[in-house]
Every structure is written in C-alpha cells, then in structure tokens.
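Dropping a structure here in structure tokens format, bear with me for questions.
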Amino acid sequence: MFEYKTVIRLHEADAAGIMFFANYFRLVHDAFEVFMETNGLGPGKILREREYILPLVHASMDYKSSLYPGDRVTVRSLVKNTKNSSFILSHEILKSIGDDKSEIVAIGETVHVSVERLAGKKISLPEEIKVILSRM
Amino acid sequence: MFEYKTVIRLHEADAAGIMFFANYFRLVHDAFEVFMETNGLGPGKILREREYILPLVHASMDYKSSLYPGDRVTVRSLVKNTKNSSFILSHEILKSIGDDKSEIVAIGETVHVSVERLAGKKISLPEEIKVILSRM
Amino acid sequence: MFEYKTVIRLHEADAAGIMFFANYFRLVHDAFEVFMETNGLGPGKILREREYILPLVHASMDYKSSLYPGDRVTVRSLVKNTKNSSFILSHEILKSIGDDKSEIVAIGETVHVSVERLAGKKISLPEEIKVILSRM
Amino acid sequence: MFEYKTVIRLHEADAAGIMFFANYFRLVHDAFEVFMETNGLGPGKILREREYILPLVHASMDYKSSLYPGDRVTVRSLVKNTKNSSFILSHEILKSIGDDKSEIVAIGETVHVSVERLAGKKISLPEEIKVILSRM
C-alpha cells in the first residue's frame, strides 16, 4: 500500500462549497504520480525517457461524503491486480477528523494499460513497471 | 437523450498530449449543466434559489481512445434510471472524424442524489427535477 | 476584434461560489484557441504539424466583479501590438446582464512569444501567424 | 517571506508538455492558502466562520522558463504592500535544478481585497488578517 497525504485547496471545490467530483480522480492520480516518483520513475521521466505511456482505460469512484477546502486527506492506493498489459489500482480517500482519526470519504479504482507512445499499440507491461508495482 | 457539443481545449490535455482522464468527467458534467440550463434550472440557479443540491455518489468511465486539443466531441447523455432520491445518467462521448462520422471514445455513468443543502440529508428527488429528467 | 461566447461552469467556481481567479486566464486562452481554429490553425494542429509553439511570457488580469456558474460571458480579444517574435493580446471579459446588455467583469493581457519547439529558442513570428493575427 | 514547496503534476501541464500558464496562478494561490493555514486561518475556515472573503482584484505573472511534470518548485511569497482594504503579495516561483540550486521560472503579483461576503462591499482589512500578514 502507498499513502499520499495532501490538503484540499480552494480551487478544487466548486460553487457548492465541496470538492468537485472529477477532482477526486486527479487526487488519486497525484498519489500514483508521487508513488512512481518515490520509486525513481515519475511521469515526467517516463515522458522524457521511455517509449511507453500508461493511459487509463477505466476509472470509477464511489463518494461517501464531501470534502471541503482545508480538509487533510490521505489517499491509500494498492495494486489490486496485474495482467499482461494492464494493472488495476484501488484507492481509498480518507479525511482526517482529528486525534489521528479518519473516515473514508471515497473509494475508487483506476485501470492503466501500457501503450507504445508513438504507435499507440498495447504492449506488455514493462519489466520496470512490474517491479515498481510489486513494491506498492 | 441530450446532446452537448464542444471542442477539446489545450489545458484539458496533459503532458502526454491527450485529454487527462479526470477531465472526461468534467465534460459529462458540463453536458448535464447545459441540459439543466436548457430546461431553465442550471446549477447556478439551483445554488441561488433552491435548498437542495445534486451531488454525485458514483462516477465511472471506460476509455476507448484518446482525445486531443482541437477534437470536436459530442456528449450524448440519457437517464438510465430514476429512484426515490437518486438518478443514473449514462454518457457516451463521441469524437468527430470527418464527413458527419464519429466514433465513441468513452462511455461513462454518473449517479446523482438529492440532498438538503444545509442539513446534508438525502431527500426525495424534487418534483421539478423529475419533470426535467423526463425530458432528457 | 474576436468575440468568444461561453457560459461559466460549476467547476470553474471555487468554494466562495465565484469563478476562481486563475480560471479567467483559461477563459481568455480558450478564446485565443477558438480564434486560431476559426482561422484553420488551432493549437492541436500547431502541435501536430508545426515546429514552433506560442508560449506566454506574461499574463495579467484586473478583476472588476465576480462571475458565477451559469453566467453568460463574452471574451473580446484584440491584438494590441506585434513585435518581431512576440505579440500582445488584450482581452475584455463581459457578462450578460439581460436585454442585450453586458458589463465588463475583467480586463486582461497576454503576451505570446514564438519559440522553436525542440530547441526552445525564440524565433521570428511565423508568417502564417502574422497573417492570422492581422485578421483579429 | 513564506516558502511553499510542491511538485508539478501531470495534469498541470498541457499538450505542449509544459505547465499551462494559468496554473502558475493556482500555484501561488496554493502557497497563500498554505500560509494562511499555517497561521490557523485557512480559506476553509474563513468561508465557514468569517463574514468576509479575500477575492483578487489583480493578478499578473512573468514567465521566464517552462515547468514540466515532476519538477520540484518553491514558491516564495511576501507582502509587498498593505493598504486599508487590500494587500499586494509578490511571488517568485523557483525550480530545483539539483544540488540545492534553483532558478527563478516566474515572478508574479496578486492583489487581494477584503469584502463583506453577503453585501459584496469592500471593508477594511480585518485585524486578524493584518496580524497574519505581518508574519509573512
């Protein structure tokens, strides 16, 4: 499991005062980017130095309660499954409610596939990605 | 069915050159907002003049192919189901590929629930919302 | 002068209920993108088929009043100045207040420079850009 | 002076591969939000517990060089000036270039004004804001 901690910012909420639902997806992708960077292979490096990318073929989120600007959140991500050319991450988003307590505010899933950047063709998951995912 | 047409903008793509996956969710919500405005009850009006909001409890998207800045897209939304206090919208995102042809690039679903804004409690779908949804 | 019309969306506002200040910049860039597309050379096409890009070296905005979700706005952009390798656009953002009336809600300026994409070096404004800008 | 450190994320870049110019403004506002939170009065708390807001009346940015996903940046903000009902922040955005070295990639300014939330009228800067700003 990988944990990523951050704070909800003003611009992530919408006019209803709560975090806009699409931004939860940004949040779990941020967590994945930080995980990859922690393992020496952030998205910036992949784009500069590799010939594959890891686009999503599926994303889903169940929302349990709202997030507000200033809320301290933790994203907990883990690899649910790895196939030949794809992997599934599951994500829990937790909100701090004081005294080291937290509650789950959303549960999501993202499915990433490895694709040759120029040809746009699906390829087997690069070995380095498998190794890094095994550390999550 | 409601159709919403727009063009992918530069800032919606990420450094991989393709629309960032979370922005597809923004797109289908834009379609829903335009549908509501067309029926005289846009989100701005709901926030100003009503005591309920329509937050999401679920969102999902399957991505078939990429979108690039300048791509002309159509979102086709329809009401899949209506329950006492919630409704499910299904969305197809199509990309124009010339000569009035288009291909599906993503299929998504959003589940909205009606909630009393101040109390945060689930309520029955307001009658006016049921009426508007019946026109989609 | 080029006019671009759009409607403020829910996610562009922040938790204070009003459009987040950074999103006004997105709005004026959207206007510029639409202008370029109208002239057959949108950002997508430039990225795919040209060897230059037009990044910004300056942007500024004066905010007169707030924008809310559902507000109908018009961006009026014009070329203020063209130099060897850069051009200045000035932008007015107007909000419809009914009966064909509108009021200015923000005034901004963006300065774009032409840069060779790979080398990152400043180059003279491409002739095609000069021609298109002369039509604004 | 207040320092805020963060890393550029994939979705902040656009299809040209570099951070979209409007997102630099988001970045400096994030820095301001973190500064306020550090002083016990984040935007979330202001929205919930105060009767004023601090909208912007001006924002500007000069861009010196590009930012890419994965870049580690520092925002250095300081109070340039305080007037009766407004204050000016100046911001430097620096990018780490290894070995504790960094270079300035952008310089910006934001002008905030204190406004009664409901009436929308300009008011004198609240004493607590003056106190907090004096600590920047």
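We just call them A, B, C and D in the order they show up, numbering each chain from 1.
In this section, contacts are C-beta pairs under 8 Å (C-beta built on N, C-alpha and C of every residue); 3 or more make two chains touch, one makes a residue touch a chain.
Because the structure is a prediction, the values reported are computed rather than measured.
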item	value
Farthest chain (mean CA position) relative to chain A	C
Pair joined by the larger number of C-beta contacts - B-D, A-D	A-D
Chain B and chain D, separation of their C-alpha mean positions in angstrom	31
Distance between the centres, which are taken as Cα means, of chain D and chain A, whole angstrom	26
Residues within chain D bordering two or more other chains	10-11, 15-18, 20, 22-23, 26, 29, 43-44, 47, 68-69
Contacting residues of chain A [partner chain D, same complex]	7-11, 17, 26, 29-30, 33-34, 37, 42-45, 47-48, 68-71
List of chain A residues in touch with chain C within their complex	10-11, 13-18, 20, 22-23, 68-69
Interface residues, chain D side, partner chain C - complex	15-16, 18, 20-23, 25-26, 29, 43-44, 47, 53, 55-63, 66, 110, 117, 120
